[in-house]
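Both complexes shown next keep chain A, but they swap its partner, so chain B is in the first and chain C is in the second.
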Partner chain A sequence: MLIQQLVNGLLLGTTFALIALSFNLVVGALDRLNFALGETAMVSAICGALLLSRLDLPFVLAFLAALAVGALVAGVTFVLSFRFVSADYHTAPILSSLGVGLVLTSLVTRVLGSDQRRVPTVLDDVRIEIGPLRIVGDQLIILVVAALMTVLLYVFLNRTPWGTAIRGVSDDPDMSGLLGIPVQRVILLTFVISGMLAGASGLLTGLSFHTVSPFTGFETTLTALMVIVLGGLGNITGGVIAAMMIGVIETLTVAYLSATYRDLIVFVLVGITLLARPQGLFTRDTGVVGRV
Partner chain B sequence: MRKASPGRKAAVLAALPLMIVAACGGSDDGGGGGGSEGGDQSDAGPYRLGLVHSSEGPFATNSDTMRAGARYAVELINADGGVNGRDVELVEVDARNDPQTLVTAIPELVSEEEVFAIVAPVDSAGCEIACAIAADLQVPIVSAGAGRPGVLEPSRPWSFTMTAPDAANSIPVLEAVMEQEGAQTAAIIVDEANATTKAQGDLYAEVFDGSGVEVVSTTTYTSGDPSFTSQVTSMAAENPDVIALAAGPADAARIAVEVRTQGLESLLIGTGSLQAGGTDYINGAGEAAEGTITAAQFNPDNPDDPAATLLAQAEEDNGLDVVALNFSYAFDIVNMIAEYLTETEATASPETIEEDRQGLLDYLEGVDPYEGMSGDVRFAEDGTGDRPELYAVVENGQFVISEVGS
Partner chain C sequence: MSAYTEAVVIQVGIAILLALGYWITAATGKFSFGHAAFMAIGAYTASILTLKFEWSLELSMVVSGLTAAVAGAFIGWIALRLTILYLAIITFAFAEIVQILLDSWDYAGGASGLFGMRGTTIPLVAICIGLVIVYLFFLTRSRKGLSYEAIREDEQAARACGLGVTRISVEAFAVSAAITGVAGALSAHETLIITPAQFGAPQSLLIILFVVLGGVQYFWGAIVGAVVLTMLPIWFDFLEDYYQITYGLLFVVLMILRPQGIIGRSTERRFNLDSFKRLVPGRSGGGRDG
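So, the complex of A and B:
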């Protein structure tokens, strides 16, 4: 059972990794956290779930729709909470994006109700068994899609002109601007990509949990914050490793201790990390407080 | 606003013969209040009833259903001329599953909104707090769902619940089901963050102990936990004959889906609470809910009148496939209060409200039985509803009710 639980934990971690990647992209571009990304994931997931369950659309189309919704919501959040806010007011984007998140939750509950939405199983009959290890069809989808998106993001950032521009703006926006890079458009693009990642994370998480709820937005944000504190703010590789760690820790805690200790153990770990290595476990850069 | 159809009027008449009494009452209170003079009190403003629901927490859907039932009752009563010539008005409070909100909301309902009586939270945890505060203020309060043993103890005699306690109803029913199914081993999954579901976990332990079923796995989660993969993997390792769900209906639905996704064929069982939130469970779990067995105390297909007429009318008016337990219980609570107000022509004015509340208390304790949408109900000495022992099986997306031993 231990091996199975480890795999369960790693799969849970892959969904955390996507949302953490999403946060880290924005931090890279602006040195700011977009606190509405959890709600962006929720809205995208609910749209995807509705397309799957109500319109019986194929998963691929619902997934693409979730990406589009995520991109749109993140773009709007950028305009509302970041674009016109002076860099002198560090807390303004935090509070503003938190507000956008609250508005998104309220809108969804008002328009669609507060019920959880069922995410139908996509590959019902697929079940791979290797010795004691069993992976069901939906877990396979999560694994493949999350890995694919991570690779695509890596290729985009490292092999395309726009990706290079994003990295340039992330390193030094002033110098990038002097070199003719349209900084604001690049930042908007970064938000759009982070929204797509959040949308993907939302729907894949829904697939894993079988439902999506309009009230999970802030919880998702909190989980992502834990991941990026452990992995190091802006550190993409560290974020992925930390996400896997948290997924495994949470799963093993529930399996062998008690569900009530699940968050406690992660919070204690994060607290110790903040005290001992505020820059995160996998980076030598400045700490969280210094960056944001 | 919907018009009252002839069928709906028939439904009202079936539940409320009191309307005739109201129509015949000719005395004029002269706008002076004072005493339960009644008759046409149309100048006195509406009768105000408090209703405490919760849009969050594991029983949010039950709460929504309860609210819909109470609103429907008020709608029918008002469409038919109200009570003593006065409309009935619900003053609703959303407690959001937060005890602190209850602590401030109940006194506010009583002192600011001047409600006559209160429809209590549908969940036991919320009911326990709300009922205790209402009892301190000497306001009658009735829940449409609280079923945890002892939930009313701190608040008697002012509190009532339409529900038979989970233990009294579910233990004998589930023991009979265990025998019927020939179960040998069982797993229990418990929501540790909710007093009601923790009590359900103890209830299952008692059921399995009493029926000689070995508990091979007990796993926990907390309300709102996102994933059940880990818990179900632990249970799957023991391959139990039965998995007992000590969970709110929405969480239970997700557990059921995870159980079937992992290929487990164990029988899923629940207490009466699961049937109470049945729509949420079945909608959430879909095909994974098929075959689930729960204890039950309410028959949505009750063939006996007036329940049959009222149920059919409620389905038609509200576009429901099936009337849920909390809907019918809340409907009956409002109608019982309306019946008392009509029979006694109570004014519930500031001068008489204490006396009228005491009168309602006496009326509820003396109900023998009240015949409503949920069937026949009377209250036991501890304020809990006296209900039949039934069980329900999910078949083709619906709970099919049977009597134990049938």
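So, the complex of A and C:
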């Protein structure tokens, strides 16, 4: 039973890992957080759910659509909340992206309605049993897709010119600019990728609970924030580990204590972390902490 | 005065109180994103005292202010040593924790909240606002007010000048929380009913918008912001359905055009249109904004 819960927790953690990656990419590129990413995930998830349940599209197509929606929304957020906002005001992008989040939530409830959307089961008859352990088809999809996206991201960041440009800009934007890298375009690209990750995370979370609500945007943002604080701001590996930890902790709390305390325990844990190690659990000081 | 006018005046008054309270922490450049939590703490403290212990409203307000101040000092102590982004994250989480705790607190009615508080009158609200304005009037003309401004404009320089930045910020944060708590108490005894859901992120953002719209340079900017944003949905009924979209867009537009608020000087020109000029080919370099 405990092992089953641990596995469930890790699976929940993989969806957290995607959204945390998404936040970490942006904070790396710009030293700013995009607070509308939770809502971006929600919009993608709702669109994906509608495509799956209304149009009976195959999961792959709905998933790609969710990625596209996430990319589009994140790109628009970049233009609205970051591109033309003066860098002298540190709170300005935070407030502006929160505003975009508000607009996204109310737009979705106005246009698509405030009902919860059902996400149908994709792989109905697949089931893996290892001893007492049981993994159903949808969990398998979540695991495979999340792992695939993480690996693709690693390859993209480390093996392609654009990925190198992203790392360069996050390291030193002025120097990268002097070396001829189109900094603004690279940052836009970073936002688009982060939007895709958020969209994937949204739809996969929807798949694991089989339901999507238009009011979960801010909650998602909060969870992601907890993950990246625990893992260290801008630390991609730390974020993935912290996501798994929080997934396991939340699942165990719900299973053995009460659903009420799920968020509470995580928040308290993060509070303690901030007091003791503001740079996160796993990291040497990357310097991001001082800059943001 | 009709009951309707009285309700509107009290609503505007409470909004002004919230805005002035928030202005104190914003004046040090520290933005809280969970001030609704202090409102909740004040509202619940006062409501429990008046409902269950039958205290007078005035005395309960004092206690609720003190409770909120203690909570504010604690959160400030954790968060204000770190940067603005961490402050944002911690205050978000704090507001969420307060909501969860109130939701599961049966003595205070749980998710359905408390019911039956009354007693907020226009003179009471006016006296509170008056006291706060007098405090702010002397604060902004004192050394402490100057130190707030110094910290807001350049924290590094302020620290180099020997200011205890963290201590001053925490103190400002606690005072700000106290005023917000009193405003929460007043608001609870005006609306008759309080539930944890009232004090969520939208309420926090609304308080921020009061101050950001008016600008943080002068405290009366916050008053202007509060009055305008409270009267807008009353004057324009049609905004009712779209107020979230309106507020969201207001944030976006304001941050691009006038991040310093409507009232307030800027080192830049009156409307910040510089950023758009970078769109013109030839002038757009590789470097990032700023």
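In the analysis below, the second predicted complex is superposed on the first by the 287 of 292 C-alpha atoms of A that agree within 3 Å, B and C clash if a C-alpha of one lies under 4 Å from a C-alpha of the other, contacts with A are read in each partner's own complex, and residues count from 1 in each chain.
Please note the rule applied: a residue touches a chain if its C-beta (ideal position, glycine included) is under 8 Å from a C-beta of that chain, and two chains touch if they have at least 3 such contacts.
No experiment lies behind these values; they were computed from the predicted model shown.
Legend: residue contacts after superposition of the two complexes on their common chain; A:T260 is shown touching both chain B and chain C.
Look at A:A146: by the touch rule set out above, it reaches neither chain B nor chain C.
Contact with neither chain B nor chain C is seen for A:V26 once the two complexes are overlaid on the shared chain. Ranked by how many residues of chain A each touches, chain B and chain C are led by C. Shared-chain residue A:G177: touches chain C; no touch with chain B. Contact with neither chain B nor chain C is seen for A:M245 once the two complexes are overlaid on the shared chain.
In the superposition on chain A, A:F218 makes contact with chain C only, while chain B stays out of contact range.
In the superposition on chain A, A:L52 contacts neither chain B nor chain C. Across the superposed pair, chain B and chain C both touch chain A at residues 260. Residue ranges of chain C in contact with chain A, taken from their complex: 31, 33, 78-79, 81-86, 88-90, 92-94, 96-97, 100-101, 103-104, 201-202, 205, 208, 212, 242, 244-245, 247-252, 255-256, 259-260, 268, 272, 275-276, 284-290.
Residue ranges on chain B touching chain A, taken from their complex, read 55-56, 60-61, 192-193, 219-222, 224-231, 233-234, 237, 250, 253-254, 257-258, 261-263, 280, 283-284, 286.
By the touch criterion stated above, chain A contacts chain C in their complex at residues 32-33, 80-81, 83-96, 98-103, 105-107, 110, 173-174, 176-178, 180-184, 187, 218, 222, 225-226, 229, 233, 260, 263-264, 267-268, 270-271, 274-275, 278, 289-292. For chain A in complex with chain B, the residues that touch the partner chain are 1, 4-5, 8-9, 11-12, 109, 114-116, 118, 120-121, 127, 134, 136, 138, 205, 208-211, 213, 215-216, 219, 250-252, 254-255, 258-260, 262.
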